[in-house]
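One chain, subunit A, appears in both complexes that follow, with subunit B as partner in the first and subunit C in the second.
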Partner chain A sequence: MSASPEDTKAFNETWKEPSGFPGGLATVDNIRIGVRYMATAFSFFLIAGVFALLMRIQLAVPDNHFLGPVDYNRLFTMHGTTMMYLFAVPFMEGLAAVFLPFMLGTRELAYPRLTALSYWVYLFSGLTFFSGYLFDMVADVGWFAYTPLSAPAFATSGIDFWLVGLGAAELAGIAAGAELTVSILKLRAPGMSLAKMPLFAWAWLVTAVMIVFAFTTLFVATVLLESDHALGTHFFSDAKGGNHLLWQHLFWFFGHPEVYIIFLPATGIVSMIVGTFSRRLHGYTLIVVGILVTGFLSFGLWVHHMYTTGLPELSLYFFASASLVIALASGTQIFAWLSSLWGTQPKLLAPLLFVLGFMFIFVLGGLTGVMLAIVPFDVQVHDTFFLVAHFHYVLIGGAVFPMMAAVHYWAPKISGRMLSERLGKWSFWLTFLGFNFTFFPMHIMGLLGMPRRVYTYRADLGIDGLNLAVTIAAFVMAAGFLLIAFNVIWSLRYGAVAEKNPWGGDSLEWSLLVATQVLFPRLPVVNSRHPLWNANEPQEPELERLVETLDHRPADWRATVLVNAITGKPEALVRLSTWSYMPFVTSIGIMLVTIATIARLYLLVAAGVVVTVAGLICWLWPDPAETERMQRETLPQETGLPIFTTGAKSLPWLGMLFLMAVFGWSLATLFYSYFYLRLYAPHWPLDGLPLPELLGPALIYGSLLIGAIAAVCAWHRFGRSKIRSQIGFAASLVVGIVFLGLRWADAWYLEVSPRANAYGSIFHMLGWAMDAIVLTGVGLSAAALARSISVTQDWERILAAQVQIVAHYWIFSAASAVLVYAVLYLSPYLI
Partner chain B sequence: MKPSHATSASPFAIWFGLLGGAFAWFLQLLLIYSIAEFGCESPLKDYAMFGIGAVAWLSLAVSAGMFLVALLATGVAYGNVRKKGPDDGSTSLARAGYIANGTFMIAIIVEAVPIFYYLNRC
Partner chain C sequence: MSTLDPAGPAAAKIALLWWVMCGVFAGVFVLVVVLMYMAMRRTRSATPPLGKTGFVIAGGMALPLLVVIPLLIYSLETSLALRQPAGAFTIQVRGHQWWWEVRIPEHGIVTANEIHIPAGVPIRLELTSADVIHSFWVPRLHGKMDMIPGRTNTFWIQADSPGVYRGQCGEYCGTQHAKMSFEVVALTPDEYRAWVDARIAERKKRREVAEPSRGKVVFRQAGCAVCHTVSHFPEATGLAGPNLTHLGSRRMIAAGNLPNTRTELVNWIVNPHTAKPGVKMPATQLPSEDLNALVDYLETLK
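What follows is the complex of A and B.
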């Protein structure tokens, strides 16, 4: 039985996205946004590639004056920063946004408007970052911006564009990470358990969680450094009790996982392509474990970038050991792929060629990684071209080659046309040979003592021939990448029309003809790791009946099935948001904040905050007509799946969980910073300041416990007495406002200002972080109160998730307050 | 259809069986790093018992504790495999847990080895 024509028509109308220029600003379609992500990221890649070529021209001959040291410093900074922040991760995120819903058998990502916001913020942050060129204020501190070089005492004004531009890009990344995690765990085809999930989704599940924690750490670090610049704090100035090494700790706690955030999605791509071309995939479980282990271990390696900084010797060897263990996890995956390909005589078409190129290059990069994990060797080659060679082998081999494989493999699914195989092979050989002749000699140059980040070298060092060869090879590699871009553009018009499944793939994206407007009007049922190869296996009749009932339904509001994270059994029908201009408006507000921060126009910062908050309110306020349609919906009776849900069955609650995780991790990062500064301070508090008073702040911070109790009471009373619930919301709202007033009054009369010394800086920063947490709680309580007043019928069902969110959030706020109080006020008495 | 939550083991047991070793390893690394970094800069480095410094004792104790947590996670994963229930993917995750926890137990041991070279110094 198929859907009725009326349902089909209404369904298509409901999922229709606006077209044209203004419509393009409002679309939330994952495919359009994902393609934009990839196109924008590739544009940044080309720009950063040109920067690399300019540097190679400079280094082609000794004592060259094509570029001066200032331009060279700016170029390597912009090249590295662009590649790491604006190309590699966003390109992978775009790929995920397009293909994860396809592969998971769902209709959209979990938070479509968040996807749109994430893209706009990413685009604007990239433009802000590059706009430094308009004012001749370009960062020149390298992609990791070490303090004290990037601190106020030494940095040029370009550092503001670097910090603020990238801070916004990190927000975009965190949003994407939360979005993808929830989508993968909860929005899958009925029957698709975790153990049946495609490996691309597994790789992205681990990566997305890593993004949330790694990017949050960097975000906090950039806030601290920017506040040193803009507000005059002293987190990184040693003269005022700060510590320049703190930046390296925070940066590399992000920076090392960042490498794997780029690499892990690439392993997902490789697993999918190897599986398709060899018609089998060995070691599914081993690969999953490899991904998990790599993801975790990557957070425990940050000190291996800091061997030469004078840390206690013992601690270095902990990280050296962990660095060696990670080779096990990566090696497991390589062996699984080789074993899968062994003896299958796969066709050496362009996607597989790029995958084989990846394996060759990445294994070499991995081996030099093992060498660099060994402390004495790392100390010897630190900051030489050996390191440049190593990380390009890991990042270009480990990520860019799989990306190019993905472009050749999946382009037909987006455009409906095949890329030229001949051009694909030419581009592979150009990039592969060009890459190896560019970067392999750099190992030797590094061992011979050529330092990185020095704009020229003397003729008598004996490295001029190698440098010239490297420059020529770099141009060959660039020609290869340009040929790929040409191939993509050419194929849009002249490429052969693609079949539904041109490679014979096993995953669900190949069950649809091309990227259509609505994915899966009839949801698929999955009972195998290879749903297309095992399509004839018997399905669970109960799930079959469910997807039949849901065929082109619900027709007048957007929804899909939410499943149990582990088993893949359907648990609820969840609403997905429709197109809206508000993500674009909100991103404009965020950009106003960033640009005004760089310009130090603080009134404009306030205006940006107002636009952002207004955009968010309009975005999140539910459409009453849509709520009414959901109330009328008969599918809960027909399928047994609820619509209005709470807890882990509710997308808003899951989103709130991530917000709390981000706030919580930010606090943890600040606590670490506090104790790190404390460790190296001769006295604490600094400069002979008295120990903090205990009683007054205890009452202020303790007041949040009352707010939490009020919100929890509102939650428990909910369903029995609306008015009592409203009193609970109002009480938590008032407590939050009182807390903010009292805390600011207390901070005003403190003997130490944020500008006095590092103690004052971290003390006030933790207070501001607490303010941000409470302010969010106040907003949530106000929204719950307003909604409970505006909804008159069926409010027990409609508002259940919102009430639960408010209660859980206030519990989180109170717990945060206890911890902040313990660190700021109690710990100075104890240690 | 009825909403289903049925898994052969509890969700906590499934996640702990899969990721318990990973969290144990992460905690071990953070704690022994903190003990080394903070302990070696504080008076703690001057304390010793049976000729072994306090920093080493603490690091070894933390490593042993976290190894036991990882072992416990492996035990939970073993229990999940043995539970009879529908084929809902939890058994595969439990088997993955064996390998993951085993790898992290190796990592915990490997990271504890340097402590023996620094029993009296930092």
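What follows is the complex of A and C.
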């Protein structure tokens, strides 16, 4: 039995996406956006690659005059920054956006409009970042931008493009991280329990959570530094109580996980390809444990980038040991893959070649990584070409080779055409040999005393021959990457038409011929780790009946099945948003804010905020016609799956959870900064300022407790008395506004200004963070109030999730207020 | 500059650590590559040695632990051996964009870009920075230690035998990071004593004869004195550039980049940006007699 023709037609109409211009700006299709992500990221890869070649030309011979120091320093800054922020992570995100719904057996990602927003913000931030070249204002501080070189006293204006462009890119990353986490945990094929999930999804689950925390930390760090530049605060000026090592701690707390954020998805790719080519995968559980351990420990390793800063030796050994545990986690994965391949005589085709190349290079890079974790050795080769060699082994070997394997492996699923195997082999050997001859000699150059980030070197160092060889090899490697790009373009037209499952893979993406707009009109049922290989597993009649009923349905609104995160048991039918121009408009607003910040045009910043907020309101305000269709839907009766859900069964609630996580982690980062600055201050508050007054602020911050109580009451009254709950929302709204007014008035009369010293800076920054949290709460209350007025019937069902969100968010705000009060006002009294 | 050609106890310890790690890890790497090769070959059984779980546990966990734990203990032992020796003679080094200020407090000597030390004894270093973060690195003597504005890190070096050891800034510090070099000149204890005495005598001599030479006038009028200090020269107290009190006795100029010859000195004054683009010292155009007088004067600053 199959779906009725009317349902099929309506279903296809519902899921139809606009295309061309301007329709393409409105699409939320995960495949199209994912492909855009990858294409954009690959373009940035090529640009940054050209930058690398220019640097290699300069270093080909000693005392060369091809580039001056300023140009060279800009090039390595742009090269590193682009590769890390604009290529590696976004490319992986694009791959995930395309293939996760495919592999998980669902129709879309959880927040389709957020996918679109994240892409536009990423694209615009990259363009902003590069636009510095138009104004001859390009950052030259290196990709980790150590203060004070990047602080107002020493940095050139190019730093603004770097900080602001990057800040926006981080927001795009955080959005993608939240979206992918929710999608992986909640939107899977009926029956796909966590233990049956493909390893690519496992790797991405851990990565996505890491992105949320790591990128939020970096975001806060960039806000602090940009605030030093734009507002004159003193987080990083040691004369005013700021601290340079604070930047290093915050940066590497992001920077170390960043490496694994790039590497873990790559291991996911490798697991999928090894599984397919050897027709089995050993050590699934061990691999999952390895991924989890890596993700968790990567947050405890940041100090191993700071061995030479003069920190206490004992603390260094703690970080050294943690670094070595990571070696176990990676070693386990390598041996699990080797075990899977053992004796299965897989065909040595391009994807597998790149995977084997990955193993060779990554093992070497991992071993030099262990060497660098050894404290006394690190102080010798830290910041030399040995380090440059190491991290290119880890990043190109550990991530770019798997990406290229992925391109050969999965491109047919997107384009319907196979890549040329012959060109694939050629490009593998060019990149593999080119890579090793480029980066292996760099280990030796480093040991011979060549520091990184030097635009030239002396002839008497004895490294000129090596440098010349490296430059030649770099061009060979570049030719290999160009050949891959050519192969992709060539295949679009001349490639052999791909079968449904050309490699004999086990995961769900190979059950569909080619990327269509709706991935699974009929959702698959999964009862095995290898759904395509084990078609004869015992069926689950209940789930089969469910997908039968849901075949091409719901027909007139977009929905998919939400499952229990652990068991994969269907729990609800959730609405997925349709295409809209609003993500694009919102991204324009965000871009206005960033560009105006660089130009210091604060009126324009305000205009950008207005556009952003207006975009968000239009974006989030539900379409009444769609709500009506959802109300009429008969599927809840037929399947027992509810539509209007709350809590962990509701996508908006899950999204809100992440917003709270981001705010909460930002506060935690600021608390860390507060106490870090205090730790190094001779006395606190700095400069003999008086201790903060306790009573007035206690009332101001305490007022948020009333807001929270009002919102919770509104939630509990809901369903019984609409008007009473509306009073509750209104009360929380008023409390929020009163808080903002009073806090600003209090801050205005405060003796310490944010520009006075680091104490004033962090004091006010925490206040501003609190404002942002409350402002969001005010917005949520206002929205709930407005919706409760506009929805006249069935409101207790339709608004259930929204009301719950408002209440939970207000509890979060009140809790934040208590913590901020405790840190800002109480902690200075306790010692 | 080679870390593999150590000339002091610290660098020697680290070089030994490197060779041990290099040997062990080369073995591990070869083992993995051989296993990769064997995995891809036609084999009798499709099960790896020790069974599929045994293989993963042995290779992925036991092997790394077996290598890493002894290594960690060994490196801890190396770290302990690298501890600051007690009671060592102290030299203060302060990083500037892009040169090194060197002070020997015990003898009141202030100079730049050249650190004279007695060979065979440990020297305690107090490192800090006047502007951005730099890193002190003499590869043949020891590893790196960062120089961070607002704090002082202590470090030490020791040269086994007399000689000249090049040093280089190890942390990217702006435009001319590449050419922020210096030299450590290790002398026998007697030579060192003589070097110190010569510097002290030189200063004393200058206090006694305060002759108003033409070069001194140019030094003041051309603006050199604004940035550079020369002892017993009341107007020359600038702190932005290197202290020139002992310039004439130094082997190199321009932070270890050019030999201290008359020609190079002239070129450097006339246009420092040719040798070090972006350097903070401005170009100074002078009539040739003034220039000659100035260089004559600078060469007397032994």
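Here, the second predicted complex is superposed on the first by the 831 of 831 C-alpha atoms of A that agree within 3 Å, B and C clash if a C-alpha of one lies under 4 Å from a C-alpha of the other, contacts with A are read in each partner's own complex, and residues count from 1 in each chain.
Keep this in mind: a contact is a pair of C-beta atoms (placed from the backbone, for glycine too) under 8 Å apart; a residue touches a chain by one contact, two chains touch by 3 or more.
Note that the structure is a prediction, hence the values are computed from the model and not measured.
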Touching partner for A:789 - first (subunit B), second (subunit C), both, neither: neither
First (subunit B), second (subunit C), both or neither touched by A:286: both
Which of subunit B and subunit C A:679 touches, first, second, both or neither: first
Which superposed partner A:321 touches (first subunit B, second subunit C, both, neither): both
Subunit B versus subunit C as contact partner of A:313, first or second or both or neither: both
Partner chain(s) touched by A:382 [first = subunit B, second = subunit C, both, neither]: second
Touching partner for A:331 - first (subunit B), second (subunit C), both, neither: second
Partner, of subunit C and subunit B, that touches more residues belonging to subunit A: C
Set intersection of subunit A contacts, subunit C complex versus subunit B complex: 286, 313, 317, 320-321, 324, 328
Residue numbers on subunit C that touch subunit A, as the complex places them: 1-4, 11, 13-14, 17-18, 21, 25, 28-29, 32-33, 35-36, 38-48, 52-53, 55-61, 63-65, 68, 71-72, 75-76, 78-79, 82, 97, 131-133, 135, 137, 139, 142-146, 148-151, 153-154, 166, 168-179, 277-278
Sites on subunit A touched by subunit C in the complex: 68-70, 73, 140-142, 146, 148-149, 153-154, 238-239, 243-245, 282-283, 286, 290, 308-310, 313, 317, 320-321, 324, 327-328, 331-336, 338-339, 341-346, 348, 356, 359-360, 363-364, 367-368, 370-371, 374-384, 447-457, 461-462
Contact footprint of subunit A on subunit B as seen in their complex: 1-7, 11, 14, 18-19, 22, 25-26, 29-30, 32-33, 36-38, 40-42, 55, 59, 88-93, 95-96, 99-100, 103-104, 106-107, 110-111, 113-115, 117-118, 121-122
Residue ranges of subunit A touching subunit B (in the complex, touch as defined): 193-196, 285-286, 288-289, 292-293, 296-297, 299-300, 303, 311-315, 317-322, 324-325, 328-329, 542-543, 545-546, 564-572, 639-642, 675, 679-680
